[in-house]
Amino acid sequence: MTLSLLISLVVVALVAFIIGRSRARVLAGDQISSLHSRPVYHGAYLALMSAVPALFLLFGWNIVSARLQASRVLDAFSDQLSAMSAPQVEAFLRDAKAIATGGIVGFRDETKEKAALLISEFQSQSDLWLTIAVAVLVLIGFLYGFRQIGLSKRARHIVERAIRAALIACSAVAVLTTLGIVFSLIFESIRFFGKVPFWDFLFGLHWSPQSAFESAGGTTLADDQSIIFGAVPLFAGTLLITLIAMLVAAPIGLMSAIYLSDYADDRFRAIAKPLLEILAGVPTVVYGFFAALTVAPAIRGWGEGIGLSVSSESALAAGLVMGIMIIPFVSSLSDDVISAVPQSLRDGSAGLGATKSETIRKVVLPAALPGIVSAMLLAVSRAVGETMIVVMAAGLAANLTINPLEAVTTVTVQIVTLLVGDQEFDSAKTLAAFALGLVLFVITLSLNVIALRVVQKYREQYD
Amino acid sequence: MTDQTLQPITPDGRADADASRRRSDADRRRHTAKRMAAERRFKYAGLASIFVAAAFLVLLLSTVVGNGLPAFTSNNLKLSLDLSAENVDPTDPGKADYRSLINNALKEALPFVSGRSNTRAARKLISSGAPTIARQTILNNPDLVGQSQVIEVPLSDTVDLYLKGLSGDLVSSTPAGSVDISDVSGTVELTSGEAVFAPFVQQARDLLAINAQGLLSRAGGIQRSLDQSASRIAAAQAVLDDAGSTESAKARAARQIEDLTATIERLTAEKANFEARADALKARAQSVSGTEELTENDPSLFVEAAGGLIKITKAGNSGATGEVLVSLANAGTFDTGNWAVKVFEVPESERKISDREIAWTESLRSAGAIESGWNDIFFSRGASREPEMAGIWGAVVGSFLTLIVTLLLSFPIGVAAAIYLEEFAPKNRLTDLIEVNINNLAAVPSIVFGLLGLAVFINFAEFPRSAPLVGGMVLALMTLPTIIIASRAALKAVPPSIREAALGIGASRSQAVFHHVLPLAMPGMLTGTIIGMAQALGETAPLLMIGMVAFIVDIPGGFIDPATVLPVQIYMWADFPELAFQQKTAAAIMVLLVFLVLMNAIAVVLRKRFERRW
Amino acid sequence: MSVSVEHTDSVVDPAPPVADEAVSGLKMQARDLSVFYAEKEALHGVNLDVASREVTALIGPSGCGKSTFLRCLNRMNDTIDICRVDGSITLDGQDIYAPDVDVVSLRADVGMVFQKPNPFPKSIFENVAYGPRIHGLSASKADLAGIVEKSLRRAGLWEEVKDRLDEPGTGLSGGQQQRLCIARAIAVSPSVILMDEPCSALDPIATAIVEELIDELRKKYTIVIVTHSMQQAARVSQKTAFFHLGDVVEAGRTDDIFTNPKDPRTEAYITGRIG
């Protein structure tokens, strides 16, 4: 219904546009320039007046009606539903809705059928009144707008203001996204910390949410829960893999950047730079496949060759491949900051008889240090948040170890593990994923904010 | 003036001065050489870094291509199906029982297969999806109904891999000497005047020794695990014994000890087993005469003669006992050159394809019934548990639908936001805040967007799970910062003189932007958008959160049908143990990379084409 | 080289009606005009009259506020966020800073030509046609073509470009580009044309052509020109105003200013002692 109304509104807007435009033309006669605004603006103005109020009504009603409908059903069947738990009521509503719209339902019973009847009745009534209201709004808007059209009507101003409002709304999407992330993470986390104490989560040494499922049937003790949801092994695992990744990416990325910016000739750069860009463009799932299929067995074979026991999901394999993934990230960011160091500094050093490498090590790098530090911070943030490589190549078991040859797990791996598959949305396991997500968000955000600050300070220095 | 200054410098003194200058020259030269060496080292370190990165790229791509290429072809079996009217109703050909039609045709192709267990095993040569494919073929060409027709059906993945030579090689040799074969079927005796089987028996024994070594080293590995477990038990015991441990820690330690004890028991048994097998193998390897029993742990030995194939079960130097897998045309004596020995080095127990399957496959191949060609199934079907029936088309369509949603949302919103922020927004704290916000949003891990999608779109707004609509919305939010940042850069690159020119002749601000600035910035915006779309196409993690990881056989037909996308399909296949799936995974990656390369190429062309220097 | 400014009666004349205006009447008046960039005051209560159908030259050292003043005359300063304007400017007696004034119509009436030629990266025709189009000045395609031709003729560019109206305006030489910008400004029938150092990016020959054009244009339009070159001011203008540090030090007939400056600062500037 909403869709068909939406389409009719588009048609209405088109028709209003044409009418408005020709009306303005008729009023102006031969002297088009006697109009304050050109005819198209009058057309657009009339279209806006006719369709926009109805559009708002449509969206508003869509948000309200679902809640209204649910409360209607809940009122009507309060006797039957009072015995049910909240998730059961939700399931009941979902099923009733499905019956009403002809969807597939697991269990049908009499109450559900009745509820479905109520819902479809509500739906048809709501559709009827909505259609009438929309039609009335369109008519009022159109008539008002039509009367307003005149030689001195500043239609362009109104249309441009509407365009600007739309532009502002689009800019707001980015802000709303951030708010959405922050609020959804915080709300779910608060619910999680209602079940598991915050400090036990943050400083607990034992992580095995799988056992939460076993005890879910009986009464779960808070003590038990906190033992199960101790996130330190995850943080340690994330840290270990990130460290390995940075040990690979930082020197290789930085040295590549130095070579490209200060040594390589144009021909070499023209080949090497796209090569690094390709490395950056490879999807992470491909790196994950590479890590699991090639690198992990290779490391395991090599380790066993010299008599070391290596897990087939070793932190080393995941970290190494993640490092490869981050190389282009480090090198392009470092390249930017190294190139931003003024040539005059290099010339000054070269003028004293310093070799190129001495100039770079003693002059360029110290000058670019803040930028390089922030590049590294951004790379760390990238590594901490990376998901697919570790999901495919790192382990699931939460070992608290610093041995890179053993399997460790990370925050992102656990988020995926907890949320993939069918889950009750209220269980401590799903909520734990949001708490982990919050930690991840806070860490990466702080790293970014610090890095951007450093870069900004550094830029000001040379601008 | 003093005498001293006039005094000529003594030859000695001059020599001294020269020497000291020479020394300092040498010093300086040494010093310079050292500095130049450091310079070279530094330069080569930089060059090496780039080569290391390039090497990784080459290794990555060659792994993918090497694994993926075989999946682009497939082997099909040509079966002659009896499509006469009594089997297939010409008015409704979809209803026929294609399974039994295929089984009958298979029986004809392999007439020597008898017995219930053999028949069942023979049916496993072809894919369980064969009836579906046959039915599809007939439905596409209803004219075929009415008589016998040769239809191609897919072989099972194990046979397919064998035919591609990926399970091992069947090595053929013709020993000098004649052999006498007792019968055409059943258990047969092979006798020869010469020691025709001696090299193969020796080879088997050599291999036994190698295998024994392998088993021993595996036992060694188990021993290391045992040691580790023992030390962990000790650690847990220490926790138990420590009076300071909390109750919960003690309980955990006790549970751990229990687990570890069980593990130790299991591993000890496994180790003993390995060692016993190794000893037995060694003993057999050392014997020099007599017959050798060839088990499933030994390389398989076949004798080919008169169009038949015999599997050798027991072999001595000049005689052998065997099982006929493919009937011989005739029994009797075969001279040199009329018979051959075939060896498959990988023991039967360590490969998927059995000896009789190899024999039947070879028989079918020599009959010309096997056709190798472009793998249509891979490019036209959805997910399947059977590797030979699994395709990426469902995922490609899912990716396409998802990207359409992403593009329709993120491009207009991103461009509009960029226009507002760059052209209209007053420069104040709020605008700064939005800018900082967008920059930070660009660096938020993608998985967090997945959490947002799960909490807001699925749980709060009750959109369907696994739908391209929701996936597209999540990816749109994720790519929005990229597009906004790129679009703002494109707008910034348009010189202010263009805006002034338009304003100067009385264009309104909106007119100046939409008539002049936007068209000039559009190529840059499109480039940014394509790069954002390429990112979205390769993204996996957020889609896992919103249930696009479900196993979906059907090709999605709309924006709210359950669907999966290419990267998620890759992720799911990568988890399957079968070698065939590993190849499908690599092949799917190749397809994904081709799409990404195409998109980036378009972006590069766009940038080159419309690049404008002011 | 000569500039041809012809009249073709067959097309609509984009010039404003001139019948009942006194030849030397007042066109624009600035009273107590102060301009602030954030906290910095760029103009301190300037009073200046612009006479109708004459060329008024604004001269003075760099940063004296002459360009700022020019940009106030068609409210181009509105595009700068931190800019604030006090005082009043009238155009034909009406305050252009009054709240009900539509900036867009104002700028159609007070056109502007910039320091650097800035044609749109579109065809020559589109460059000139854009203004008439957004202001709805043409009733038909032929009408529009007429306006374009007229404007290009007035700008003395028609003969040079009539065969290549479809080529991009950015492909013309610097002097041609600037004349194209003048044609673009003329096309919306302004009564005043503001020129912000229109010849500073041109070579001497192109400068001479544009100066000749300015002299022609003053028959129909009121022109205010900012210039760095005193020779140019002397050549093209009838009135001159000398700006110094945000004040109008002296304004009057060009001949008087150059031959008999009253203020010592003016004298110092025109004799080259400050600059």
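We call the chains A, B and C, going by the order they appear; numbering starts again at 1 in every chain.
We take it that a contact is a pair of C-beta atoms (placed from the backbone, for glycine too) under 8 Å apart; a residue touches a chain by one contact, two chains touch by 3 or more.
Keep in mind that what you see is a predicted model, and the values were worked out from it rather than measured.
For chain pairs B-C and A-C, the one joined by more C-beta pairs in contact is B-C. Ranking every chain by how far its Cα centroid lies from the centroid of chain C, the top place goes to B. Taking the mean of all protein Cα atoms as the centre, the chain whose own Cα mean lies nearest is A. If you average the Cα atoms of chain A and of chain B, the two centres end up 28 Å apart.
Annotation: 69 Å between the Cα-based centres of chain B and chain C. With each centre defined as the average position of its C-alpha atoms, the distance from chain A to chain C rounds to 52 Å. Each of the following residues of chain B touches two or more other chains: 508-509. Across the assembly, chain A contributes residues 156 that each touch 2 or more other chains. Contacts with at least two other chains are made by residues 104-105, 134-135 of chain C. Those residues of chain C whose C-beta lies close enough to touch chain A in the complex are 102, 104-105, 134-139.
Contacts from chain A toward chain B in the complex involve residues 66, 156, 160, 163-164, 166-168, 170-171, 173-175, 177-178, 180-181, 184-185, 187-188, 206, 223-224, 227, 251-256, 258-260, 263, 272, 275-276, 278-279, 281-290, 292-294, 304, 309, 324, 327-328, 331, 355-358, 360-361, 378, 381-382, 384-388, 391-392, 412, 415-416, 419-420, 425, 433-434, 437, 440-441, 444-445, 448-449, 452. Residue ranges on chain B touching chain A, taken from their complex, read 35-36, 38-39, 41-43, 45-50, 52-54, 56-57, 59-60, 63-64, 67, 221, 224-225, 228, 248, 252, 412-414, 416-417, 419-421, 424-425, 434, 436-441, 443-452, 454-456, 459, 462, 477, 480-481, 484, 508-510, 534, 537-541, 544-545, 549, 567-568, 570-571, 574-575, 582, 585-586, 589, 592-593, 596, 600.
Remark: chain B residues 426-427, 495, 497-509, 511, 515-516, 520, 612 touch chain C in the complex.
Residues 74, 76, 79, 81, 103-109, 111-114, 116, 118-121, 130-131, 134-135, 181, 184-185, 187-188 of chain C are the ones touching chain B in the complex.
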